[in-house]
Structure formats: structure tokens, C-alpha cells
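Step one of this worksheet: look at the structure below.
A, B, C and D label the chains in the order they appear, each numbered from 1.
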Amino acid sequence: VADEKSAEFPSLTDLESVAATRVSERVWAYIQGGSGDERTLRANVEAFRRWAVRPRTLTGISSVDLGTTILGRPVSAPVFVSPMAYQAEVHPDGELGVARAARDHGWLAAFGTLSSLSLEQIAKASGLGPRWFQLYLQPDWEVSRRLAERAERAGFSAIVLTVDFPVLAIRDRQARAGFAIDGSVPIGNGADVVPPAREAARDGSTYRLRPEAETTWEVVERLKAASHLPVVVKGILTPEDARTAVQHGAAGIVVSNHGGRQLDGTPATIAVLPEIVEAAGPRTEVYLDGGVRRGTDILIALALGARAVGVGRPILWALATGGGPGVGRYMERLSDELATCLLLAGRASPTEVNRSLLRAAGL
Amino acid sequence: VADEKSAEFPSLTDLESVAATRVSERVWAYIQGGSGDERTLRANVEAFRRWAVRPRTLTGISSVDLGTTILGRPVSAPVFVSPMAYQAEVHPDGELGVARAARDHGWLAAFGTLSSLSLEQIAKASGLGPRWFQLYLQPDWEVSRRLAERAERAGFSAIVLTVDFPVLAIRDRQARAGFAIDGSVPIGNGADVVPPAREAARDGSTYRLRPEAETTWEVVERLKAASHLPVVVKGILTPEDARTAVQHGAAGIVVSNHGGRQLDGTPATIAVLPEIVEAAGPRTEVYLDGGVRRGTDILIALALGARAVGVGRPILWALATGGGPGVGRYMERLSDELATCLLLAGRASPTEVNRSLLRAAGL
Amino acid sequence: VADEKSAEFPSLTDLESVAATRVSERVWAYIQGGSGDERTLRANVEAFRRWAVRPRTLTGISSVDLGTTILGRPVSAPVFVSPMAYQAEVHPDGELGVARAARDHGWLAAFGTLSSLSLEQIAKASGLGPRWFQLYLQPDWEVSRRLAERAERAGFSAIVLTVDFPVLAIRDRQARAGFAIDGSVPIGNGADVVPPAREAARDGSTYRLRPEAETTWEVVERLKAASHLPVVVKGILTPEDARTAVQHGAAGIVVSNHGGRQLDGTPATIAVLPEIVEAAGPRTEVYLDGGVRRGTDILIALALGARAVGVGRPILWALATGGGPGVGRYMERLSDELATCLLLAGRASPTEVNRSLLRAAGL
Amino acid sequence: VADEKSAEFPSLTDLESVAATRVSERVWAYIQGGSGDERTLRANVEAFRRWAVRPRTLTGISSVDLGTTILGRPVSAPVFVSPMAYQAEVHPDGELGVARAARDHGWLAAFGTLSSLSLEQIAKASGLGPRWFQLYLQPDWEVSRRLAERAERAGFSAIVLTVDFPVLAIRDRQARAGFAIDGSVPIGNGADVVPPAREAARDGSTYRLRPEAETTWEVVERLKAASHLPVVVKGILTPEDARTAVQHGAAGIVVSNHGGRQLDGTPATIAVLPEIVEAAGPRTEVYLDGGVRRGTDILIALALGARAVGVGRPILWALATGGGPGVGRYMERLSDELATCLLLAGRASPTEVNRSLLRAAGL
């Protein structure tokens, strides 16, 4: 097994560069690209460097358990697969591969409105693994409602409502490579499901969006009523919105800038995490995605109050490199690295990680 | 149309590099070059990275209107074409192309003393489009006065008085490329109009300028008396000068370092904008140019108090790339990006953008 | 001699690049590599740039004496050889070469549990030179105890207990190059001596280590009881641990992140030195390793309270370049540079260097 | 003349790269190299970027006079030639070329103990031009005294005492290139004049210098007694030393780190200038060298309290490029740029430049 592993990607350090050789330029632009001139894309990664980790020694711990709970459900690591569209474009294994790897490794995985397969097919592959369903609001509320209902029926354990996508951002790398998120890519969840608006309709100096853009925060309550599932709001970057989400009954918040793919210039997620954790209060779980690459990044996010972190591009890199098994190996490698980091930091579990682990890197 | 568009420049990200292939090295040095060792040129662009944008979500807005007013006149976007000399050097379409594109898109455009065509010819092309006339003070006040008069007659709606050009700065890139702003380039506005002093006349350790350099702030009052047009002062970088400009009756202020082409080492315009907005007070509009490249930059400038922003080099890049139609497409792309950014930020119009949109990027 | 010198490495500036040409890629990866994405590796070096040195002039000193004491023993420079494993992999001279060079130059050198030769063999080569024995705790305490006993008998003057190695970190560069710290490399100290745990044993989401990982701070007392030697604790990065080490009787503390080879993301050692010096108090000597490359770095560390500094990679570079004699020449060059720096700073000896020598570099 | 000019170096921006093609690698290493790993060399240049210049507009000035006085003597610009050894190595014109260019342009120039020609020969070439004599203290005080006497007789107007050179720093670039400042290069000032100590004499861990290193601050008084000339102390980087220099009667202070060629890690000169100006008080002139490249740098140094600034490497670049006439052209170009910068900043003379011209660049 060791040999196969190294054949596919010798280490986490190599994953991105190996993946780049396995897909077309068009798909690579889809995976890698951000919006605008990609300030946020870079900031997500760089902002983790502002923190340094303070390890404690001779603490007497000789084991670490990565297991934790997310919204009360046990998972084997404080890391989850962020929802990502069109995984079949990256590798034929697509969502099935990711779902099986997540199930096998006890990771939570989120699958989305724009999956290549239907949520029921994914649920089947995922078996008893913990999974979330990510929702892009549909122009017709009834379609949104039915998706939530189906997700509940298919055993998903939460609805993740994406709120940072009233319209697709300007993504030059994708545009140049000819990658379009539009009707040309089939959506597994049914013919009545549509992707978010690709652009606003211009009329002189006015730009108009589809009706679902008019949605306000009461949608959280409506969505909670649509199923018995808790609602997690994804795409929050301000404490004001965090407070509002909590007031409307969100069970969790994903601090996210959509991996630097929506509004460019938004802050790195790790930079705003602390103020959002504070605003959300102790009863609402806060997660983060954006720029998480190494075990140390996860330590930092946990120390700043994240319950768990999402990984996005690395999952696609692993999928591109080795299909579903590649994703599994990635999960193993990242878990191993996180466990090693915890041991070296002198912490026996994710819940033992708090602000005392950190100091400013001072660079 | 989509095909033609992408043929000319696939995206805003590509505009600069495509333009570089369309003009001679000499003209490229003119477009790109700054003064000194180009600290300010770089700082203008980089300083926008110090701010991060805080988007609000589920705000219920489903449309955005880019329209605003500048000095009371409606424009279709809070962006204008900064005055730039010698546009015919960049592309045969020159000022006519820019004027027509601005008219077609409802953008304000400023044309200057050193235009390749006369201001009357530009006015004709510009039709009913909003336009400003930029004035370099002439050695003979009477020539300046007549230019203001002609501008009023030709339907320009303001006089932009450039105050950062008592003498041409040392511009090594232009000098090396053999590009001279001197009598060799014909000036469309008439034989009695001269460019600003190319250099000070040296006499031992003393350097003397032409008479117009002795001008003081009362010129604003004189200029206001020369026509019925409001006077906008361009090239202010200190709150002291902003206050003085307001005291002398300036209707507007352009925070500008001449795109990094005059005194090198001056601060990035976005860095000084807040203190100038404060000094100018609520009744004087403040604009900014220098380093504006993307929709996010415009958001930041608006949030820090700019009524509108000017774009300079990008207009020349677009002109070089596709002539007048290229400029039109650039205006469309930038407007689309700005509208998208506003929608993603949860703001329905430029006037809804304020300081609450920003936080320090913390890099 | 001058000719030979320059033939091997013309200057300290060239040492690293020359060394790179003298060993296999596999060994180079071992020497150079860090853990994770090598943030700490880079930070160690860069953090010295945050300080600037304030030289005093016309102080009347015309000589400098580099000599100082470490734990009461005289050494000819406030610099020592950090413990490093497997030196025979780098050059056939291995530990013998390093030990002889240290003896000849009066430097303290630390040799470790994982040396290619037995500590007795090293002691023989080292003759009367000052030397420390670095201990990796063994699964069986009795083996650790016997190593301490042997070290005392062989004339080592302190036991350096490494506390940052409950398990090997994830080191991608080594892994890719196929360099493994495992049973395949023979350990000179005997068949019962084992390297630290290469990885934690995974069992679901739980990772378990070998028994020695359960060790707590009372091991310092046990170790003191095992011989008459003072115990120096190596791998401390927080003032909390420094205080605890002192409470348990540590005679010295090495502020170290294992050269960026263990927990990635830990702070640069020079960044945390001041708070650890303060926590350790006046009676416990504090040393530092990590990123020390030039005379100026040593000045900075001394000024921030280090009694002496360790050098690691540069010793291996010198060993790779010129074997034992190369190490000697390196010691000479670094001593010469340090003496020159002290003279130029207006300080006659290491003990005259204090905080007044420094200011923030302000970069 | 314009053609010849551009043939030699098209602009200040090009000067360094053109010069690099005109001398041997050995001489280039001498010109360019610094000490240690050249932190200070880089810092000198970069630290100017921390300041931004605030231009005032419509001030009514139409001329600028660069003329000022240095120690009461009129010069045509607030810039002088820093003392540099061995100019004949760079170009056959050597010191004669520099002296004539300085005379022709009314610049102050400092020539040193290690000039290729005698100070009397230089004085002859320099004619009535203002000039300083830089002194390296000699092992025999009598030799130092006689040099001061000769300088006075030859019409030099001050003695510049270099205090940052008790011993030559470790300069790897020079060493690698085989450039030695030793007896092999003839010294124009006579057979009894010797260069500063190349290295300290090692004896075990002790390093001893020549007797002149034992000099203390009373040397300033002795030197004042040796001639009627004022004494300027060069190489001060702390306010403590500045105060002491003033107490001992120094007429001026050159804030200098020897162009990054002596103690590496010292702060950028512009970073410490303000505190030294304050310590020196209003009656002692303070100058600066190190990293001055453009007109803007001079503005910044003047604004922070320097009476004048020295340029070193750029003079050697110009000498390498065009001999004495090249130096003259450099002086012209830099003067022109400075005059332009003053005009654009709205200041009529160097004495009008003060702290109000600056703000933090905020990068």
C-alpha cells in the first residue's frame, strides 16, 4: 500500500503539483481559479502564516484522538469536505468517490445542489457516513423546499445554505479556459434544479437578478420548517451576519469566502474567524473553509474557535490524482499530519486546543 | 459579440498583457512609465490590498443600479475616464474613440489640454455624453481663459485644473524609449496652446520655470470667473491643500498623483483619500485616480469617501487593444464587474457603500 | 592554508551552495528539509532580520575575547554544535570529524543518542574538549538511565534532554527523497537504543505512541538522579515550559524548534527567546538554536539573553564540504566573523552584549 | 551633448546596470559588495520606501535654488561625494576625475586616506571646489596628525574622522572576487600611511587590533588641535554616540554604516537619522549616506533633518561608466532630479524642506 501511495502523490507537499498534470487546462482553471485578481484566494492561504503555534512539552500524553462531534454527530476528525460542484468534471469517480472515501474514513462530507449525481445516489454511496446537503436557493421556493425534504429522506444530517452566491462572480481564469457553470453541465439533482445566476441582467445602469436573490434572513426559518434538519449558513464573513444567522435559528455557521471564488477582496477566513466565533456565541458551532492546507492550519483554526474546518481544493486535487482512492489517501495523510501536530503540540484531542496554543508570528 | 470580445481581451486580467503586444515599445513606455524609480506607480496599485471588503448577505437586494451623479449630472457609473494626453499615439481612434465609447456607456470622460484633437472635435464625437475639460495652465493667462470659454461653449460641464504639473517629472522609461512630450507632438487645441514646461531652466544652482508656475490658489477664483463652469482641482494629496481648494471655491477635488508620473514617492492615492475627504467636508465632491483596476478597488474607494474614481492606464490599454470599440468593451466589463461586486457585497447602489464595508486586510 | 580554505568554500556566504554539490539528493533532503510546508524553517532565518544592531564607536577596545563559560565550563566561543543524528551519512568523517574540530577549536559540541558512533568513541576523539550528550528518551527507562551513566563516565559534561520529539514530524522533503530515520541506519550507541517513534499507531481516530511519550516533567529529576551531570532541556518554546523546567531542576534550556524539523508553524526561536529568558530567571542558562548563520545573528541572540547559540545545518554543510577539517575551517570563519562583529559593535566580549545593542529593524 | 549623455547612461535608472558592464568582476565586487549577508546594504535602500512625500501645490514658487551651505561654506547642492577608497581601480580618471567634476558642479567632495593620489594632487585638480579630507586613524598618531596638517595646507575645509572601521568587516563578495584592501594597492598619501587593520590578530579566543583601535572620543579634541579645521565624525548610528561626538566638539556628524560594508545588521541610516538629529541638537550639522539613489531620497533625508546627503556607489557607477565626465553628468542628472522634485513638492530650496513634507508610506 505504501508503494501505491507514494506513486500517486509522494506527500501533501506534492499533491497540488501532481494534480496539475492529471486534468485538462480547462478543469484545472475551474479547480484553481478565483475571482477578480484573486486577492482573496491568496490571502486565505497567507493569513495562516500570521499565527505561530506554541507547543507544550512533557505533557504526558501518549495518544491523541481526532474524533469530535459536529452538530452532535461523531466524526473521526475535525475536518470535513466542503461542498463543491461538478466533481465528475475532475475525475469519473466524482461524488461517488468522495462519498465513499468520506464514509470509509469517518469524515463528514457536504454535497451540493450542483452535484453531478443526485443526492440520493450520493447517499447510497455514502452509506452510514455523516453527510450534509448544500443548497443553492432556487428561483422557485418549492424546488428548494423539495430538495431539503429529499435530503432529509436520504439521510443527510444538515442543510448547508450558501448565502454568498446571489450571482456568479467574475472569474477570469475560468472564463479564459472556457469553463462555464451553466446549463451545459448536467445537474444530478433533477431537471427542475438550476445553478445560481451566471450574471445579472443588464438594463442601462441597472443590473437585475433572479427572484431568489431577494431572499432575506427569514429563509433560515422557512428552511428549518421544510425538514427536521438543522440549518448551517455558509458564506458569512461579518459578525453582524453571524448574529443575525443565530437569531434566525442557524445551528452552525461556515466562515467562508467560497474559496476566493466569489467577492474578491473579502478577508481571509482565518482573519475574521475570531470575531465571528465571538458573535455567534457558545451555542452555535462555527466552521471555516478557505486556505486550509496542512495540519498546522487546522490547529490554528481550532485554536481560534472553529469546531471543524472544511477542505475544498485539496479534495479536488486528490480526486484528480487518484480518484476516490486518492481522496481516501489524502484523508489519511491529512489525519495523520493533524494527529502528529496535536501530539507535538502536547494536546490530546481537538477540544484541548484553545487560544493558548497561539501567538502572533510577528512577521 | 461575445466572440469578438474574447478575441480582443479575454478578461480584465488579460487586458494589460494583450495591450503590450499592440503598440510599439516607445508608446508602451509612454503608457506604462512613471517617474523616478516608480515607487508611487507601484504603491497606487498595492495600497488597495491593505483593505478587505466585508460583504453582507441575504440583504434582499436583487438589483443594483450603478447610476450616480457627479457634480449633479447623472452618469451611469461612479467611474470616469481620467484626462490623458496624446491618445492618438496609442491608437488612430484616439480621443474620438474614447469620447464615443464614453457617450455610448454614459460614462463621464475628461479630455485635456494636450488632446490630439481640439476640444470642439471631441465634443462633437461625445454628443450628449458628460465630459470635463482638463486644463494645463498656459504661460499666457489669456490662453487659459479662452480654453475655459471654449470648453463651456462646447458643452463640457466642468474645468479640471491640474495642479501637480509645474514641470514635467523625470521619467526614465519614457526618456529611454525616446518618447518626448514636447512640441513634436501636435496639439489639437491650437497653435497658441503649449504643453507644460518640460524642464526648469538651469542657471548655476537655480532652476527657473515658466511664469504660470508662479500661480497661486486665487487662480481657482479667476478660472471660475472665466466661465460658468465649476472648477475641479486635480492633483491634491494633502488635507491642507484640500481645505485651501475648498476655500477658493473648488467644486470638486481629484486625489491624484498623476498615475505615479509626477513626483515619485508621493503616497498611494487610496492611502490619503480618507483624510482628504474629511478635510474637503460634505459639500465638496472628492474623486480619486491611481491604481484602480478592478471592481473591488472601486468599492474600496467609494467606501473611503470617493464620489467616483478615474481610470487612466486601463483606458489606454483598451484603446491600444481594440480602439474605440475596445474602450467600450472595457467600460462594459468594468461596469459588469462593479455591479457584480456590489451585488455580492449586498449593496444596491454606489451611495450605499460606506466605511462599514471595509476592514484592514491585516497583511 | 588560505588556498585550501578558499578551495573548499570561499566564504560563509558560499557554504550552503557548495555543500549542495557534495552530497546526494537524498542526504541533501535530510540536511535541508523541515516539516510541514517548512514555515518554521524559513521563519528561523527571517526572524533575525527584525532586529538591527547598534554599534558604539571609539570605545577604546582593541581586543575582543570570545571566550565564555557554559554551565561553568570554559569554551572559546559562545557557539556550540547542536546535536544532530547520523553524521556519517553526510561525510565518512562523521561525528569523529566534528568532535575533533570542536576539540581543536575549544567549541562545545553536543552528540546525540542517534550518533553513528558510540558516545565512548566520540569521547575518545573529542579528548578534553567540552561535550554534551543529547538524549532521546527510550521506551525502557533503564536504557535511558544507562546512556546517562555512560555519558558521565565518558566525560560528557551535561545531558541534553530533547523534549520536542514524542514522534517524528511529517517531513515531506525527506520522505520524497527516500530518507528514513529508522532501523535501517545503524545506531552507534548499541543494539538496545532505538530512535524516537517514527509515527503514531493508528487505530480508528486514535493515534497511540510508545510508552516514553507519557513522560512528564519529573523525568528531569529522575535524569538528574541517574548521573552527576546537569540536565539541559532542549526544545522549549514557551515561558510556561521554561518555568516548569526550572522548577524541576534543569540547569539550562535550549530554545529550539528542532531546526524547523518538528512541529511546523512554531515560532522562530529568536522571536520567543526574550520571554523564555525572562521566565527562566537569572540562575538558568538559556541557549538557542535555529537560523543562526552569521556573526550578526549571534550578536542578536546574545543581546536578547542567550548564553550561547547552537549551530546545526551549517555544521553539516561544512562536514559535507570538507569533512572534519571543513568543520574546523567553518568554526574558524564563524569565530573570526563573530569577533569582527563584536569589535565593530564596540563590545569586548560576549558578556558585554546586552539589550542596548539592539533596536527594531523596522522593516 | 544630449547624445553623448544618453550614450553613456540613458537615465539614473540605468546607471547601475550600465556600470556593471564597464568594469571587471573583481572591481564590481568591490563597488557593490557589503559585509555579512548584506542585510544592511539592502536595508539602506529599502528603508527610504517607508516614507511618502506630501507635495503642496499652487504655492507660487517658480524657481528653486539647490544651493545651501555645509559648515558655512556654500555648495551648489545639498549632496556631497562620500569618501571612497581606491578610485583609480574603478577608472583611470580616479580621484582626479571626481575632483574635477565636483569642482565644475560646485559639489562638496570628500577624499580619503586611501586615495590613489595624494591629497595635494587632488587639491590641485579640485581647484577652488569645496572638499573634505577623510581620515583613517593611523597606528602612529603623528602620521594622523601630519595628514590633518597637510589637509589644511592643501585647502581642505574639514577633517572627516571615520569611526566605524576599527577593523575591516568580513566582506564575502570582495573576498570571492579576490579584491583585497591591503598593501597591494598603492596609497597616494605616502609610504607611512597604512590602511585600517584587515583583520584582528587571533590568539586562541582573543582577537587583538592595532593600537589606533584603542582610541577614545578625546581623539576628536586632539584632531581639532592638529589643525584649524572642523572635525566631522563619520559612522555614527546611535544618539548616544551623537551626543558624545558633540560634547567632544565635533562640528558635524555623518550618519553612516559605511554603505553596508562594515558591521552587517546595523540599521538603515535613514531609519536612525531622526533620533541622531535630535541628539546632536541644533548647532551640529548632521549628514547621512547609505542608500541615497534618487531625488526623492534626498527630499526624505532633508525632511528628517539632514543638512546634506552623501552619495557613494552611484559616484563609482558614474566613474566606471564615463570617467570624470561621467561623474559630472551624474551630478547634473541628480541635481536636475532634485530640483524637479523640490519644484513638484512645492519647496523653493533645501532649507524649506521639513518634517511636514513626510508621512509614513504605510506599506
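One rule holds for everything that comes next: a contact is a pair of C-beta atoms (placed from the backbone, for glycine too) under 8 Å apart; a residue touches a chain by one contact, two chains touch by 3 or more.
Because the structure is a prediction, the values reported are computed rather than measured.
A.B. asks: Could you name all chains that are in contact with chain A and with chain C at the same time?
C.D. replies: In this structure, no chain contacts chain C and also chain A.
A.B. asks: Look at both sides of the chain C and chain D contact and report whether the same residue positions are involved, with over half shared, or different ones.
C.D. replies: different
A.B. asks: Can you give the rotation angle that fits chain B onto its twin chain D by Cα atoms, in degrees and rounded to the nearest 5?
C.D. replies: 90
A.B. asks: Can you work out the whole-Å distance between the CA centroids of chain A and chain B?
C.D. replies: 41
A.B. asks: Counting only Cα atoms for the centres, state how far chain B is from chain C in Å.
C.D. replies: 58
A.B. asks: Check each residue of chain A and list the ones that touch at least two other chains.
C.D. replies: none
A.B. asks: By the touch definition up top, name every chain pair that qualifies.
C.D. replies: A-B, A-C, B-D, C-D
A.B. asks: Given the complex with chain A, which residues does chain C contribute to the contact?
C.D. replies: 36-37, 39, 43, 46-47, 50, 163-164, 166-170, 172-173, 175-176, 199-200, 202, 204-211, 213-217, 219, 235-238, 240-241, 244, 262-268, 271-272
A.B. asks: Quick check on the complex: what are the chain A residues that touch chain C?
C.D. replies: Against chain C, the touching part of chain A is residues 6, 10-14, 49, 51-67, 76-77, 106, 293-296, 299-300, 335-337, 339-341, 343-345, 359, 361-363.
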